[in-house]
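Here come two complexes built around subunit A, the first alongside subunit B, the second alongside subunit C.
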Partner chain A sequence: MSKRHSILPPAPSGPRPPTHLSPTLTISDSAVLTGTHSITLHGETVIHPRARLDSLAGRLTVGRRCVVHERATIGAVGASGRIVEAAVTVGDYVVVEVGAVIEAGETVVGEGTVVGVGARVGAGAVVGKHCTLTPHSEIAAGEVVPDFTVVYSNGLRRTDKRGVAELKNKGLARQIDVLRRMIPSNPAKFA
Partner chain B sequence: MSSRRPPRGEYIETDTGNKVARKATLVGTQNIILGGKTVIQPDVMIRGDLVRTIQPASQSATGAAPNNTAVSIGRYCFLSRGCCLRPPGRLYKGAFTYMPLRIGDHVFVGPASVVQAASIGSHVHIGAKVAIGEFAIVKDYVRILDGTVVPPHMVIPSFSIVAGQPARLIGEVPEGGHEAFELRDLYRTVGNNPQPTPV
Partner chain C sequence: MAALTPYTYIQCPCSDSPTLGRPSDASSPTSPEPDEDDRTFDPRAPRSNYSLYPLEYLLYCEDCHQIRCPRCVAEEIVTYYCPNCLFEVPSSNLKSEGNRCTRSCFQCPICIGPLAVTSVETKPDPSLLAAPDNTATPHSGPYALTCSYCNWTSTEVGIKFDKPNGIHAQLAKLRNGGATRMTAKERKERRKDPAFRAAAAAAIGSREQEDLDLETQFANLKMFYQNQLAHPNSADTGLSGLGDLGFSSPTSLSRIMSLYTGGGLQDKKAKSRVGAMREALDPDEGFQLASLDESAAIAQLQAETLDDTASAAQLLDQPPNIGEEHLYGRGRFASELRPIPYLLRTKRSKRCPMCRHIISKPEAKVQTTRFRIRLIAGSYIPSIAIRPLAISSGSSASGPAVPGALLEPLKPAHYLLTFKNPIFEPVKVTLGAPSKTPGRFASKVTVLCPDFEIDANTDVWDEALRETGERDREKERRRRRGEDGNHNNNNNHNQLEVGKIWERGRNWVSIVVEVVPASLALVAGQGPLREDEDVLEIPMFVRVEWEGDAGGDEVGSAPGGDKEVREKRELAYWCVLGLGRIRQ
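Now for the complex of A and B:
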């Protein structure tokens, strides 16, 4: 058997952004950081393989203890394509699940929010704290979503009155503890 | 590097008949079990690295070797372009752990679907852009239509057809309709030497 070739494609040829990575960050080797503006990732955040962070349209900030799952895109250049100061600001304890897209353009995702599988947050949208965007739901560009809102993919919305935000954050911290041991981190590649 | 090597095809075909696209992303391959004759198309992602961290009590007591399988797939499964399989995770006895994802035989997973189920039976057809939530259990002979969102922990009984966001039972597989789930013919139509579709 001849030497097996890598199944991974060659490194993306896009511009390498200036990065500010926390020493406690866990970032997979095959995550993609691209763009021209700065990307800041705070402590204990986990970036899964093949997640994509694009700072072409402006500065990108991801808070503490966030989890960005595979194939999620933060900072996708939307329809407008204009360059702004802070393209995407993601708060602490935010989970961006598989294949979710957060468009660039002064978009804010508040603390403790879960962006579900394949959900889409439009450019300039402001999602409040502890919101839940269920799978395949969409937030229109420029929309403001109040705190504790649950957004369903068929357009329904309700307010989350369970008061489990603290517990959710605790659970997420446990998950991050496990992921940090599981995902081989290579921040040096992006520094 | 010998020059005798045959030209590289789009797929890697294993001895057991699996056809794995070179452009598929399999993370943690040592924890993924393919039963044979399974097709994995390009851009498929399977997270084998998310293994179980807490072993069940019965196993740790007997001192058996830990079972580290994260994803196990049966025979004649078909994973379409862009789909993603990942083991579900939850808090168990105060600590977080992933649990294995088990898939039976003749399971079709449509393009751009995300599967985080606990188990999927045999002869299951999952459409395009379906999201299957964590710890869902899908039994045998189930058809999940395009764009369905299966909520976490849902149990879908055998011979049902589900659709909608969230998924609801909309019908049953008709009498004799279970032959449509066979994937042997589909298996032959992909690979490095694809056969034409039988009419």
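Now for the complex of A and C:
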């Protein structure tokens, strides 16, 4: 099968950011890392093709065993556009699903949180640990979401009382095992 | 202001009750009904809301030759099925088991998402595509219902199941919190048990009364009042002065009870007597003390947050639980919500109310979405499409160039109505529209060509093969358009002429309607502009005539049959053309 080429000119890649990549990282060739500040990706994290990490507004940190899906954007410059010390800090075991956007500006996503398909986390929001943002839910800029919160149905909130954080982490670790075999990793491109 | 796309609504003739079911027979002498015929249909009348439908909503009875709307069809339920598992439920089960799925189909009480049965111990996250767990035995231990959307789980309300199947039966026996509860049937059986009766009698003595479930309470009350009606004199009358009016009067009671039980209690004896009856006094008579002590609920409210209370929508979705004790003080908290068994859905066939012929019948199998019979009106009556017409040559008249643009008041605008004939016979269409639209703001309407004929809906290939080239077709079209001579045709064939068809094709005809929108300036003394009063709506009477087979059944049969058996058919109805909004 021949490789499909886009007829559009390649998107102008921004400045190459200084990166700190873990040796156990799985990062696809076609992921986009751009910006001027440093991008730190910790061990066993998986970055899917065409995921976009933008450190223009400040430093990006992604924890261990995270999965960043296709077309997800971490560090999107929000409405404010100001440059801060730590633009986005993503904890361990975080899943950022397809098309989700995490805006820059001292945004924190806590451990074990799932940012659903097409969800949006505003600049400066602090999402607690083990939260679930269901698809297309939005967290306003500067909002603080407590631990174990489920955001569903156009912004309704409830507390997850399943107590399956450990199980979820185990499941995610297994998923990452599979993904590492599926996604050809090329960290050298970003080093 | 929201843009308005032009629309056509058709009035179902069922709203004029005298014409219901009467096949519009051209041969029978039509009795003159001046009131009926002179009346212009007013699309703004409050009644019209209920009789106007888009063409797609309408069905057509081939025997009565009438349009049938959703209001004037008789529906019959073909199958009951669960929308979740798509299993058909026999109608005999409905009576015994209710109108909800009794398999393992449940909705989340929080977000109404579908619930899945998962093992509590090795619960995999449904949002992850994890490989099956091989560290622990996957199918073991208690099970719970979980919602993959809002992460609700039945363990939150303390419900766990021993088996992963037959959840409905297991749930019926479980109270929120995990304690078992009796089903209504078990309760009934327990009441018959003499040992239990003795214990209950002792309990009454100690003022510790048993809670009745709704079903038992109703049965007890019914029995008590039936006894009271049979022997009203045994009661010590206290409020006899009130006579018929009070709750305790036998006549009003028997009236109320006949509403619920089907009128078996209206015996003459009870009617003739006027007197008061005593009320129920103990649980055997259906008496139930309301628990007015709400301190527990108040304490819980203080301990918990607003998020822990159930919303009105969530409470409404809860199924009624006739095995439950009483309604007082229940269902305030999210912890009291229970999984909702799916409500069953139906497939229905539709019959003509007059001739009882089936006009729509879905496939009985739940999984198929096809219809066995479906006589939609769109394949019998001409469709009307509306398009604004911008005339470049005309200096005075011009329509809105963009569809959905506002109409300028007092400026003539032109609209193109395209009638498309779906049947295989040529039809003759006669239009009638009032020169002024009804309502407070009367716009002027002129249908330039109210009388025309549409060719049959013949095979597309016939047309294509008959006309060999584009030039021939264009010539043909011109010839058709200029019906009484072709002078003046070459200079400007986009000229508006009264009595001329604008354009015609294989099975369609376009005509022009000129409107002069009214000014919406309010005269002193008039009320403010009402909702949608700025929409220009034209009532139009459409009369369609064609020659069909006399057999009556096959309107859509091939032409060229015996000339003797062909008969003239006529269909007439009102429709409403919504053209656009007038600028205020």
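By our rule, the second predicted complex is superposed on the first by the 178 of 191 C-alpha atoms of A that agree within 3 Å, B and C clash if a C-alpha of one lies under 4 Å from a C-alpha of the other, contacts with A are read in each partner's own complex, and residues count from 1 in each chain.
Operating definition for what follows: a residue touches a chain if its C-beta (ideal position, glycine included) is under 8 Å from a C-beta of that chain, and two chains touch if they have at least 3 such contacts.
Keep in mind that what you see is a predicted model, and the values were worked out from it rather than measured.
Undergrad: Considering only the touch criterion stated at the top, classify A:189 as touching first (subunit B), second (subunit C), both, or neither.
TA: neither
Undergrad: Have a look at where A:98 lands relative to subunit B and subunit C in the superposition and call it first, second, both or neither.
TA: After superposition on chain A, A:98 lies in contact with subunit B alone.
Undergrad: Which partner does A:161 reach: the first (subunit B), the second (subunit C), both, or neither?
TA: Once the two structures are laid over each other on A, A:161 reaches subunit C alone.
Undergrad: Check the residue A:175 against both partner chains and state whether it touches subunit B (first), subunit C (second), both, or neither.
TA: both
Undergrad: Taking the superposition as given, does A:49 touch the first partner, subunit B, the second, subunit C, both, or neither?
TA: A:49: touches subunit B, not subunit C.
Undergrad: Given the touch rule stated above, what does A:20 touch, subunit B (first), subunit C (second), both, or neither?
TA: neither
Undergrad: Which touches a greater number of subunit A residues, subunit B or subunit C?
TA: B
Undergrad: For A:114, using the defined touch cut-off, is the partner it touches subunit B, subunit C, both, or neither? Pick first, second, both or neither.
TA: second
Undergrad: Going by the contact definition given at the top, which residues of subunit A touch subunit B in one complex and subunit C in the other?
TA: 134, 152-153, 171, 174-175, 178
Undergrad: Note which residues of subunit B are touching subunit A in the complex, please.
TA: 1-2, 5, 22-27, 45, 47, 49-51, 53, 84, 86, 89, 91, 94-98, 112, 114, 116, 129, 131, 133, 147, 149, 165
Undergrad: Which residues of subunit C touch subunit A in their complex?
TA: Of all residues in subunit C, those touching subunit A are 110-111, 122-125, 127-131, 146, 149-153, 155-156, 307, 334.
Undergrad: Which part of subunit A faces subunit B closely enough to touch in the complex?
TA: That would be residues 2-3, 5, 7-9, 30, 49-50, 70-71, 98-99, 116-118, 134-136, 152-154, 171, 174-175, 177-178, 181-183 of subunit A.
Undergrad: List the residues on subunit A that touch subunit C in their complex, please.
TA: That would be residues 95, 114, 132, 134, 150, 152-153, 156-162, 164, 167-168, 171-172, 174-175, 178 of subunit A.
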